[in-house]
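One chain, chain A, appears in both complexes that follow, with chain B as partner in the first and chain C in the second.
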Partner chain A sequence: MSAAETSVTARLESMNAGAKAALLTLIVGATCLMLEPFAPWLIKWPAAWVLPATDWVGDGLSWVLEAVKPFARACSDILSYPMDWANVALNGTPWPIVIGIVTAAGWYLGGLPMAALGFLGLSFVLSSGYWFQSMNTLALVAVSVPLAITLGGTLGILANEIPRIKSALQTVLDVMQTVPTFAYLTPILVLFGFGPVVGLIASAIYAAPPMARNVLLGLERIEPEIKEAAIMSGGTRLQQLFQIEIPSASTQIMVGVNQCLMAALSMVIIAAVIGGFDDIGWEVLLTMRKAQFGQALLAGLVIVAFAIIIDRMSGALATERKRYAPFVSWVILGVSVLFTVLLWKYLPNPNDLRFLDPVAETVDQGLSTFTVANGASLDSFKNNAMFYGLLPLRIGLDNAVLPFTWGFSWTAAMSGWLFAGAGVVGLLLAWRGHVTAGLILVILTGILETGIAELPWPFVLCAVAALGWVASGRKLALVSVLLLATILLAGLWERSLLSLYLSGAAVFACALFGGLIGLLCAVSPMAWRVMRPVCDMLQTIPLFVFLIPVLMVFQIGEFSAFLAICAYAIVPMIRYTRHGLINTPDEMIESAISSGATEWQILRDIRAPYAAPSILLGLNQTILYAFAMLVIAALIGTTGLGQSIYLALGKADVGLGISAGAAMAILAMIADRIVQGFAEERRQVLGL
Partner chain B sequence: MIRTLFAVFTTCALTASVHAADMGAKDEPIKLAVNEWTGQHVSTHVAGAMLEAAGYDVEYVTAGYMNMYQAIADGEIHGAMEIWSSNVSEDYAKKVEAGGVVELGDLGLDAKEGIAYPAHVADLCPGLPALEALRECAMKFATADTIPKGRLIDYPADWGTPGADRMSGFDLPYKAVPAGSEGALITELRAATEKKSPLLIVFWQPHWAMSAYDVKFVDLPVGNDECFEDPKWGSNPEATHDCDFAPSRIFKAGWSGMEEKWPAAFEILSNYELSVEEQQPMMGAVDVDGGKVEEVVAAWMADNEAKWKPIVDAATK
Partner chain C sequence: MSSNDTSAITCRNLWQVFGTDAQTALSGALSRSGNDPQSAARELREGGLIPAVQDASFEVGRGELFVIMGLSGSGKSTLVRCISQLLPGTGGEILIDGENVVTASKKRLTELRRSKLGMVFQHFGLFPHMTVAENVAYPLRVKGFRKAERLARAQEVISLVGLEGREHSFPRQLSGGQRQRVGIARSLAVNPDIWFLDEPFSALDPLIRRQLQDEFLNIQATLKKSIVFITHDITEALKLADRIAIMRDGKIVQIGTPTEIVLHPVDDYVREFSKDVAKGQHARVASIMGDSDARVGADDPQLTTSMTLDVALAHCMELYEPVPVRDSAGAVVGTVNPSDLAAALQVEET
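Moving on to the complex of A and B:
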């Protein structure tokens, strides 16, 4: 062994895990790039290697579905009773009394501000002309939420009682949250039959996980003393659980209920896609189909009004604050009943009250005026974003740089120079001691030159394994590779890379701009006061509504889809960044101030590192949201997995739908675990 | 002679028996599917009004167009009045084969699909509606997603790819971009009309947007079945689909148990027809003038008794 080789081995041994993983990835990537002309199968997974897995899934499922169908139909029959009762109760109650009840509950929970919120919110619903549809929607939520709470609560308690199944159950919860509902719409339609019950079940599936997670968290956080006291006082395990532990975890459980309500409300629109029910989501779909932005926004805002009322009231229920005099609530209720009885003959049909139609009309006209006035400048903005951002990211500089776009053609020599330049900078970084950073720079340059949609699959597998290994360990690396391999074998690889590209670009933009907005909101309370309702609205309004203005301005295409995804996925990044930055312990800041640090230094050296785990959690949520939005973005016309899910829905192809949904969940869950791994590491470094 | 007489006799008997059908379970409501577009609402409400005139109780149930066939097969919805062969879910054929769903004949709407553009585009690309004009204008239709080709907005992927087929059929330098949803198609039309920007789109009539945005079709050579199978047919010897769209059938379907449960209703729905000339003004009255479907249809029913009354009478009297 020569001296040079010895020194290479010595240096390799001295490298840290990250650098080793990056080096391996780089070698695999470079080899693939060099072999690409001789072995095209490195880029494009050959059709001959695809297993007819989607057909197997379809056949297997149809068999299972037929077997379970009688049972499911019975369930659906049973569920239709409470659904009908809720419907009759909500639609049968005269509207002044419904408003009175909500206002009275608002007073009891939060005094005047909450009562005003309830009153104004429902008055808005009343004047929108969608009262009956809204009550139908509320009936759906009123039945699906108890169902989700029971399901989620049971899962949470099970996970707490039987530690062996905890991690398996958590995976189940992840699957319930990440597989898009559209993917399993066909099978649940077959199982439960047509009608609102299907929407009810879909929304219960989606809303149960937050409940389960919070129940588990609450039960785990109970002080050991309390548990011991419960054991000492005798009683069966069930008594301990229901009489001592669950009551003492009630605050956390109420947070779960709150989250569960919000999740159920966000699924209202999915229930409408199936139909069978004249609800507010159906109105959104109808107006959206006619490209009537004003009316669609109005119908969407009705859902937002409900979401805000429900969120604030159930949030107040979760905190143990003082309650306000029930006397006033009774008075409010009494007034509303009196009002109804006295004016019974004059009460208008709530659906004839359409005070807000002119407003909707104006909004619609405003959108037209805006589009016409700014068409040219917005077009050039879009073109620049496409030419210099999205296109190179998707198909690589080697294909995206053309005389029409950049003004010249990309040549092999340019690739050479690009790699040489990246190599030099990378070496420089390595020489300064940042070996990993140098290697990653070269890898990223390679990705940009090739384009995400055209990355060789061995490189992707290797890069994901490397990330998983560094973030968490061998197990994650192995599981990730196995799961990705199933996507390859199912023949969904190309579509998955397209989805990965679109959501990746969106996550990057959200991380950047969301982080900056979060920072701004942390520094200035005024900015937060403006951003908070915007965040609330973006998260609860059916996103279909925003497709119209985005399309009006930017037309069908990737850029519109990209913007639509960003609009939804940026919210958690803003929230968590702000939350992390303002929650730095006071004593740390005080000691920094006393040692003479400037405001900026405190932010950079104290707040930012301390906020890192929270920001990473925000990033994690942003990734999950971005994947969730892919299905909605497919309505604009993207070509990734989202489109496959619609294709499957149109063909009633159970296998394709489930497989595409599973592929989406796999990508989201791998990204989630990797980011969580890094977050855990940071938390340990900070000693949290 | 006797045989002929006998034949005439049986035909008479048959027609008679077909005409005076039994009302069946008239106390139970007949549920008609209401899908996502106005034309369908009109077709459905006219059918519903006819059933009501016959003495039935009708219930309108909102249902997603793509996934309502399971419900029809289960007998939870009894009739769907406007199904387009151009974008019918494959689930329909499966359910017909399995026996849960039966076709109830053509609705009589003459549909036309084609490559279309809002009228102002003719100024941007002179020579339209001639097909060859598109070849010259391709770059005018180009956008960042499609450059150096022109952009054609195709149907959502789950309705098929007729636009892409035509572009390769005629070897035109256009890239077909699937729209994703009908809302996206309409929004494109609206934006292009307001901005006076170029737009080429796959579209169909009857549709309220045809008149609202003054949409015109590009002239395509009339084709036949051969055009879709034999590349040699048509102007481009290399490819199939170098001709106009195959005419789309619009038909009605219902639950297979209907004939037995409500024989007269089955007959009314089977014989019910509605033409473009009848449907389109009603669509306009709803979507452009903001009328309510129920009221618009009631007004039409009152004015056009001669059109529908005979069908109802034939089935019930």
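Moving on to the complex of A and C:
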């Protein structure tokens, strides 16, 4: 062995894990790029190598589904009874009494502000002319939530009682959280047939996991001494559970009920995509398809009103101890009954009330005037973002730079210069001691030149394995590669990369802007006072509604989808960044001040590193949110897995729906585990 | 400025009031009560505010080890945070080396902290993401020292506190005693003149605590800093202090040398503190010494002024006549009657 060789091995050994992984990834990527002209299969997985896994899944599942079908149909028949009752009850009750009940409940739970919220919210619904559809939606929620609470509660209690169930349940809950909502719908559709019961079942299934999670968490968090006191008091296990433990955990359980309600509402509205039921979600979809954006916005706002009322009231039920005089509630109720009885003859049919139609029309007209007036600038904004941002990211500088948009065409020489420049800066960084950063810079340049949708698959596999290895270890690397290989073999690779590109771009934008806004909110309490209600609002709105405003301004297309994803996924980034930055222990801040650090130095040296795990968790949430929204955004024009899932729903193609849903879940789960791994590593470094 | 020339820290009528609009409330309360702190504090409390430090005045001399002692909630931690300006005081003035830090700009305060002030915290306040060496070098880093330079200086103080070999450990890998050594080293990195220690040893085991107290005294003997040391432990206060200020409910009730505190407590509160203390170990012969021209007996047990009463008593077990007392140079400076020695050590019954 020559001396030079020894020094190279010594060098390699002295590198840290991150640098080694980055170097390996770089070598694989560069090799792929060089071999590309000779081996096109490196980029495009040949169709001949694809296993018909989608069909197998379809056939297998169809067989199972057929077997279960009679039972499912029976369930569906049984469930249609309570649903009809709920429908009759809600639509049969005169509207003043419904408003009265909600207002009275609002008073009891939260005093005047909550009562006003209930009253004004429902009055808005009434005057929008969507009363009937809203009551249909509520009827679905009213039946699915008790189902979900029972199902989730039972699972949570069982998991708490039987340790062996616990880890299995937690895995299942994790998977269910990452499987996109539309993917649930296809098999349920096949099982239960068309009709409102599908939405009911889907929302019960979708809303059960948060309930189960919170019940389990609440039961686990009870102080051991309380449990021991219950045992020493001589209670049987059931007495301990129902008389002591469940009441002790009631706050957490009520948080679960709150989340369960919100999830059910969100899913009921998404399930409207199947159609066949005259509810408010369907109304949004219909008006959106007809490009009646004023009406779509109105219907969307009705959903938002319901979401806010349900969220705030059930939230108060969970966390507020204070209750207000029931007497006032009875008076409100009495007044509403009196109102109904006295004015019975004059009560209008709620569906004839369309006070807000003129508003909707004005919005429509205003919008068309606005788009006509600002069409050029809106278009140029959209086009600039597409041509100079999203497109290069998708198909790479080498394909996106055209004389038509950029004013010149990309040449091989330019690629050479780009790589040379990145290489020089990378070397400079490495020389200054930041070897990993230098390598990553070169890799990122390569990705930008090639485009995410055209990355060679060996490179992606290697990069993910490297990230997994650095974040958590060999096991995660191996599992990630195996799961990705499944996608590759199933022939869903190209669509997966497209999904990865769009959600990646959205996550990047969210991380950048959300991080900056979070920082601003941490520094200035003023900014937080403004942002906080905005964040609350964005988190309460069901996913579906995000599509309306972007569609109004930017029409159907990838850019609108991108904006909708960003609007939904940016919130956790803001929250967690701020939370992490302001929660540095006082004594650390004091010791930094007395070391003579300035505000800025404290932020950079102390607060930011200490906030890193929290910020990473925010990023993790943002990624999951982005994937969730990606599928919904398929409604307004995205390519990739979301579109496949949506198409499968239309064709009732169980195989494609489930496979594409699984691919989506795999991507989300790998991203989740990698970011969690990094967060865990940071936490350990900080000794938390 | 006569007193400022000799004192490192001067506090005059310092107030720290917590609550909304504390400053206006305080000046109002003071003017209404005619500057009587007692009734002003009462008025503030009735108004829902918390007067955590009330009208504190004292001076810390150059090179003096000044201990502030009190139970938890007595305002001692708040007081030291006022002096170090981690909390902006509500009223009164604080001079550090004659410079009023209450009115000093933020920039000037940062400058002062980078050159003149050091602080040690009860729970160490170490930065978990930095190694020992990086923690210690942090004050130099914000000051803009180059890496090699600051690590070299950090190395010096790390050896001073006896942590050689642990430079590259992270705080989580150290024991409590070692962590506080890092805290001490960091506070000394910029070689400050004035040193604040906020209950530095309270979170440690008794054995480690004693060891660190001894080392602390050694370090102080060579460095001669002007120190404000906070503690709730009377034994620690008596062992370390040149002078002690005892705080109760936000007020300073007595300032004095350890001997004065032990032998002449101003009230029952202070007496209660010193009750369980073995006086003989803390009071010195100088405190009960009589005139040098008084009549002395034939015996000379070689007493010196700095002897504790216990040691002195052991020397004159068999003696009944007054004996001479010498200073450190050996000159006779006074006399002591052995019976006075014994009387001073009597534990009070009430």
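List of remarks:
Basically, the second predicted complex is superposed on the first by the 590 of 688 C-alpha atoms of A that agree within 3 Å, B and C clash if a C-alpha of one lies under 4 Å from a C-alpha of the other, contacts with A are read in each partner's own complex, and residues count from 1 in each chain.
Everything below uses one rule, namely that a contact is a pair of C-beta atoms (placed from the backbone, for glycine too) under 8 Å apart; a residue touches a chain by one contact, two chains touch by 3 or more.
Nothing here was measured: the structure is a model prediction, and the numbers come from that model.
Touch criterion met: A:Ile606 reaches chain C, while chain B stays clear of it. Contacts of A:Pro348 after superposition on the shared chain: neither chain B nor chain C is touched.
Looking at the superposed arrangement, the partner reaching more residues of chain A, out of chain B and chain C, is B. In the superposition on chain A, contact of A:Ala634 is made with chain B only, not with chain C.
Residue contacts after overlaying the shared chain place A:Ile593 against chain C, while chain B stays out of touching range.
In the superposed model, A:Gly334 makes contact with neither chain B nor chain C. When the shared chain is aligned, chain C comes close enough to touch A:Leu686, but chain B does not. Judged by the touch definition given at the top, the superposed model places A:Leu189 against chain B, while chain C stays out of reach. The intersection of chain A residues touching chain B with those touching chain C, taken from the two complexes, is empty. Listed in rising order, the residues of chain B touching chain A in the complex are 33-38, 61-64, 66-71, 74, 76-77, 87, 89-91, 94, 143-145, 147-148, 153, 156-159, 177-184, 186-191, 194-195, 197, 287.
Across the complex, chain C meets chain A through its residues 81, 84, 86, 110-115, 117-119, 121-129, 138-139, 141-143, 170-172, 183, 186-187, 190, 196. Contact residues on chain A toward chain B in their complex (touch as defined above): 185-186, 189-190, 193-195, 272-278, 282, 285-286, 288-291, 368, 371-372, 375, 382-383, 386-387, 391, 402, 404-405, 544, 547-548, 551-553, 555-559, 634-639, 643, 646-647, 649-653. Across the interface of their complex, chain C is touched by residues 585, 587-588, 590-598, 601, 605-606, 609-610, 685-688 of chain A.
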